[in-house]
Amino acid sequence: MTGPTALAPVMTADEINAYVADVYPQLTTQHGEFVTTEVFPGGCVVRVEAGERHFRAGDTVSGPTLMTLADMGGYVCVLSHLGRVPLSVTVNLNINFMRKASAGPIDAHCRILKLGRSLLVYDAELVWGRDRIVVAHATGTYSIPPGTVRP
Amino acid sequence: MTGPTALAPVMTADEINAYVADVYPQLTTQHGEFVTTEVFPGGCVVRVEAGERHFRAGDTVSGPTLMTLADMGGYVCVLSHLGRVPLSVTVNLNINFMRKASAGPIDAHCRILKLGRSLLVYDAELVWGRDRIVVAHATGTYSIPPGTVRP
Amino acid sequence: MTGPTALAPVMTADEINAYVADVYPQLTTQHGEFVTTEVFPGGCVVRVEAGERHFRAGDTVSGPTLMTLADMGGYVCVLSHLGRVPLSVTVNLNINFMRKASAGPIDAHCRILKLGRSLLVYDAELVWGRDRIVVAHATGTYSIPPGTVRP
Amino acid sequence: MTGPTALAPVMTADEINAYVADVYPQLTTQHGEFVTTEVFPGGCVVRVEAGERHFRAGDTVSGPTLMTLADMGGYVCVLSHLGRVPLSVTVNLNINFMRKASAGPIDAHCRILKLGRSLLVYDAELVWGRDRIVVAHATGTYSIPPGTVRP
């Protein structure tokens, strides 16, 4: 069986937040308030507290904010399931924007679709608001550097 | 003939920069130094001056910075060829990251592939450094709100 | 609430199969054995019976076969939830291939992510074999022609 | 310099056509008349002679036909620049459909955007008709199997 159910996290949300603040401080200083809130076998949840600084024309959350969240979700998929692999990088990201989000927490629910030899594929559903509407959906691929030690 | 050669810009780069600073100030305050440097029939060039604030782990330009640049390129395709349409929004963006970029200007060379009734499709080639290497390639779609007056 | 749970099918799987055979006979004569097996609120399941005619080098199911299945899934999302809209067309499709499939049924489990005014966005998980492994994952967008009567 | 200009083909269009007919006969028997017409440093041109068998509802060329052409273009990018690598497979394909095509030759003009250690990234512009209109644009990624001998 090669499905995500065989996967097991090796870092907690707190450990990931501390690690990201250390190796990628710009994420928070530039983009603001991105945190990992949950880690589970085969996936994770990453959150941004959206506010005016994340808005674009029309007072809705900007595309770049949602893309940053979706991309961060893939990085946390890698970290949570492979451990400290700072140099894993995005190979591809595809995102569909479906509805408008405004202020408040936006959660990216991420699932690892494949954890292969050299690539991790995931998808992310971005939900916002009291009604948990899906505001965007993304799929992405991260590279796993050669020589990465598997947990 | 429906190709891009029939297209003609209706705003200059300076007009676009002033307009974006007005309707989307977060672009510059949050993400830093994104400017339109060129507008031509069927396309545009958008630039970010990449510096440490745009880095991720590994001291290379982060994915979110490049996605923001590619997304901005689509917005400028809309503005430059349709005029002031602030509420045009991204529908889809797909990006492939190919090489690492570091400090210095990164230019997104954007081409309008289709300017339809309700959608604009474009691609963007992101080039960096003295050797003008292609660091990423994106395609995207922007919505054109109903009722937009065509130039 | 704008989520998929508010959606309701207006055609059965049998009605869709008869309709597609009528308006798009090439699907079956050229590509072979694509059928809708299930329709439910907010989604559908489309199946191909993969055999040697669908193979590529390496005796695995070809990319074009899986892309056809994923694309067909979006068409059936439209038909099942909007009725007979033959001229709805694909606007965008993005697909990640994750594992190899061989002979036997492959099912595309499709979910409508957004049914808007002029666009339908969906995703499709393609599963194969006794272990139901996910061999590919796609997201796509179909246009809804102006003037389409809503059920 | 890492750009495509450093690339050089190692197979001719005729050699590729003979090779594909041998290892992937289904391409022609199932999908019909896909041929490589040109190979050049950093890219290639692949053609389908579209006819009624490639149509969908509305008597226009179907999405699966255009996706097959775009995918085939990536395979020919690999073969033409790396030689006989039958088991190179598609990892990701993203395609935007922009205009309708009908009967006649459709050419996929393909460019290698990156030829890396384990992945080849390319884009394809699909043009049709006397006016050479762009009917679709795709970007894709092929895997390069470990152990592939570089020319």
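In order of appearance the chains are A, B, C and D, and numbering begins at 1 in each one.
The rule we apply is simple: a residue touches a chain if its C-beta (ideal position, glycine included) is under 8 Å from a C-beta of that chain, and two chains touch if they have at least 3 such contacts.
Since we're looking at a predicted model, the values are computed, not measured.
Using CA-based centroids throughout, the chain positioned farthest away from chain A is D.
The two copies, chain C and chain D, are related by a rotation of 180°, based on C-alpha atoms and rounded to the nearest 5.
Inter-chain spacing, taken between the CA centroids of chain A and chain B, is 23 Å. Centre-to-centre, using mean CA coordinates, chain A is 32 Å away from chain D. Residue positions of chain B touching 2 or more other chains: 91-92, 94, 96, 141. Chain D makes touch with chain A in their complex at residues 91-92, 94, 118-119, 141. Within the complex, the chain B residues that touch chain D are 1-3, 94, 96, 98-99, 113-114, 116, 121, 123, 131-134, 137, 139, 141. Within the complex, the chain A residues that touch chain B are 23-24, 26-27, 29-32, 52-58, 60, 62-64, 67-68, 71-72, 86-87, 89-97, 100.
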